[in-house]
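Scrolling down, you'll hit the structures one after another.
Same chain, two partners: chain A is paired with chain B first, then with chain C.
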Partner chain A sequence: MNAPRITSLADSAEVEQVRQQYTSELEQLALQVELMGVLVDENLQRMRTVLNAGDLNVAEEAIRTDDRIDAMNVSLMERSYELLRREAPVASDLRLIVSVLRVTAELERIGDLALRIAKLAPEHELLTRVPAAIDILETLAEHAVNQYRDALRAWSTLDLGLAEQVASEPEVAMASRHLVEALLAYEGPDAVVVALRTMVAGQALDRIADHSAVLGARVRYLITGDPDHLAAEVR
Partner chain B sequence: MPEQRKTFHQELDEIRDDIVRLGALVGEVIPRGTEVLLTNDMGGAQAVIEADDELDDLSLRIEEHCYHVLALQQPMASDLRSIVTGLWLTGELERSGDLMVNVAKGTRRIYGVSLDPKLRGLIERMSEEASRLMKLALDAYAERNASLGVAIDDIDDTLDTLHGDYIEAIFESHATHDIGLQASVQLALIGRYYERIGDHAVNIGQRVQYMVTGWLPEQTGAARLVARRSLAAEIGAENSVPEAESGQ
Partner chain C sequence: MSPEIAAPNAEVVAPTTAPVSEAPSVVFDVRELDVYYGEFRAVRDVNLQVLQHEITAFIGPSGCGKSTVLRCFDRMNDLIESARVDGKILYHGIDLYDPRIDPVEVRKRIGMVFQKPNPFPKSIYDNIAFGPRLSGNKGNLDDIVEHALRRAALWDEVKDRLKKSAMGLSGGQQQRLCIARAIAVEPEVILMDEPCSALDPIATARIEDLMQELKSDYTIIIVTHNMQQAARVSDRTAFFTTEVNSESDTRTGVLVEFDSTDKIFSAPADERTENYVTGRFG
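What follows is the complex of A and B.
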């Protein structure tokens, strides 16, 4: 579909109005992503509360909030498609809309991982069996949440420096190694089940940090439009 | 009209073929990385790490192609879904390749450690299972087979069970001092990489379902939210409680 041909001043004003509406729709879209990000952040908080205290009510709240996150994901996707179809965007507008599709997928995954940990609430006692392990989990959680917040802040403020910093954050393999070490040192009869549950949590936390780094890389590409930055997602 | 520029559907077919090719590269690197691990092959480990560049390049090219098609054409809903699915799949596949790079790096760290037959057997089976899941996911994509796509989640349970047995075997070997602490740690981390490849295959399956049917797993959650809200609205009409999630 070609842009409408302008044949009079009145038409030109109309075109301008349509254009403004489109711009505000794009702004709204970016803002909605941020709101979705805030919901995910709330669930990351709940995840930390569960790690700390195994609170079952908080886990329930996390499950309900995850439904809201899913609903936002679906609606953002529909709006992005609508814009792609109707406006045939190019250049930075196209980049924004595709970024929304990529970023919401990452946010949704981060939300799922937070939920995976929150759902360990009934087995919280197992997680605390090895004191050194739960300490490491809490450290990993703090790191992951900080990474996530930086990534979300980079999205809201389009801060290139911050986006680059989050994108290039090294993996926290060291902490994971210590976690396994602590688990292997434990010799109780339930050692294997303790290790498996704890590793589920540890792996989910690693992956939250990992997805946050991808978010940072996506924001960087959104800002620069440099095809080389597409590859930045790679490790 | 041979001189005409590529049609939209040719472009879509090319994207699909490239993704299948990317999937084939991932499918090759899984058994190769496992072989390297089981034979302590340091040169092979290096080759796996270097081969990942090809995978990264291809996934980048696919992504750019997707952008190009989106910019030049005005796709219909189902075609849009195919392109967006393509973008997602490159991410899943590219990261699966990275996980085998991690296995190769882990191989270097446990150089010289001999693994007992039970551990070796479990590593082989985890690798086979991860390959199988990836292959099924790619088949589902190439054939646009939504029901196969969804089924991968259930099939993945086998890999999860194997992973549990594997961790148990590491504990046993460690307890009997057959393998030291550092090797145990590395092996435990390596097991997680296979498990994660399985997760990526499950994600691919769900994306395929979406591509074919337009249905997203998240829609279940979204539907629950709507159901809760309308229930709350009914109760609200009787008891005048304003919000679905008030009082949490």
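What follows is the complex of A and C.
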């Protein structure tokens, strides 16, 4: 005699899956965050173009895109609040929605920082007066954008290993000190204004990398639900 | 650059909870519990511990055996001829189903509140005094009645009409009366089988508040269909589900996961729990 087939009621065909509308709304929400992330990525690319060539048209486009990013942030916030109010979500659903709120806030912030650099376009020439400094800025930009892209990829693939890697990415070694040293070594009547603009860009790039690390930590929490991972987000 | 960036390889230390000086005592220790009705096994392999001064919630779909397990704690299943229990339920280390144990004594220590308020068709006073009278309590009955009604947060509403029929109370008041009636015999444990399912939201909130007040003196186990209620009121949650045996077309309840309520509703370990608490399967 064969062993009887035992199935959980939850697995059996007689119980149809319920709340399909809600499920698809959650899927849409996660997807919209990814789209917002892609817009931010485009602006990061524009930021690099400005750093490299000071293109004013690119800077204008970045400003327009940032408005779209902000509008998406508001819309995703509203949808998240609506789902919280209507569905009283728990477990992974709750983690997803609170993570959407956190992630969209981080994305919006990263977008603002990218814009801050893009807006330096009219003064781009100032940034190039210290060759060592612009080299460091470009290195920082590459590092920050790579880290951001990994974070976004971790969000869309829910890759725990990648999320962990992004969350614990070390900063570019000594970059901050080297930048200051390069600026201090520069002498000229415009030394102060050059140093100020360069530091604005350097700090913004640094913050972008930092916010990307928070994204990684948040994706890790979204996947594991481990309270320790929530605590690790506070840096 | 900016100081708030973590240093490479910085260890982030998560806050730890302070060590508990004294572990809470175990009221019920359920081991390998199976419940049968005749040949039919209604529930299998239940293992869990109910801790003192905690609220333990049992959740799960209809027919998952949560009420059946609840009824084992006060030996209510004895009232069903064909019911049989395998495995052990230890109450403070004593086997509840030891033949030498008197079920009436068990029910004095372990009170039950049912889904539908079921006051006796007597006065409010007599409803509360019934248990103490039956058990030959020599104390002052007036004091016992007042104390029980106060503990059940009903005293102020009924103190001027104690001799009136309990049937004239609202559903929520009747349920609190039933809780007062359970308390009057000074039990240690209160079992509640969907105590709010017949009540409106305000009456439900009152009962939930009351449960929080009562848990400092009693240990409470509640069966509920309302997952938000389990999330709101309980310290620990047990999720039961139903297994279908395709050959005999019978269903057996099984305990899937038992953990802190926080864990069950934020990051449950078992996918079946996740599917149930998120409402994916009804």
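Methods note: the second predicted complex is superposed on the first by the 214 of 235 C-alpha atoms of A that agree within 3 Å, B and C clash if a C-alpha of one lies under 4 Å from a C-alpha of the other, contacts with A are read in each partner's own complex, and residues count from 1 in each chain.
The working rule: a residue touches a chain if its C-beta (ideal position, glycine included) is under 8 Å from a C-beta of that chain, and two chains touch if they have at least 3 such contacts.
As the structure is a prediction and not an experimental result, all values here were calculated from the model.
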{"item": "Partner chain in contact with A:Thr157 - chain B first, chain C second, else both or neither", "value": "neither"}
{"item": "First, second, both or neither for A:Ser24, with chain B first and chain C second", "value": "neither"}
{"item": "Chain B versus chain C as contact partner of A:Ala88, first or second or both or neither", "value": "both"}
{"item": "Touching partner for A:Asp226 - first (chain B), second (chain C), both, neither", "value": "second"}
{"item": "Doubly contacted chain A residues - partners chain C and chain B", "value": "88-91, 94-95, 176, 203, 207, 227, 231, 234-235"}
{"item": "Chain A to chain C touching residues, read off their complex", "value": "4-10, 12, 14-15, 17-19, 22-23, 88-95, 168, 170-171, 175-176, 179, 202-203, 206-207, 209-210, 213, 224-228, 231-232, 234-235"}
{"item": "Contact footprint of chain A on chain B as seen in their complex", "value": "56, 59-60, 63-64, 67, 70-71, 73-77, 80, 84, 87-88, 91, 94, 98, 164, 167-168, 170-171, 174-175, 181, 184-185, 188-189, 192, 195-196, 216, 218-222, 224-226, 228, 245, 248"}
{"item": "Of chain A, residues touching chain B in the complex", "value": "1, 61, 64, 66-71, 73-75, 77, 81, 84-85, 88-91, 94-95, 98, 101-102, 105, 108, 173, 176-177, 180-181, 184, 187, 191-192, 195-196, 199, 203, 207, 214, 227, 230-231, 233-235"}
{"item": "Touching residues (chain side chain C, partner chain A) in the complex", "value": "1-2, 4-6, 8-9, 12, 14-15, 61, 64, 227-228, 231, 241-248, 251, 265-268, 272-282"}
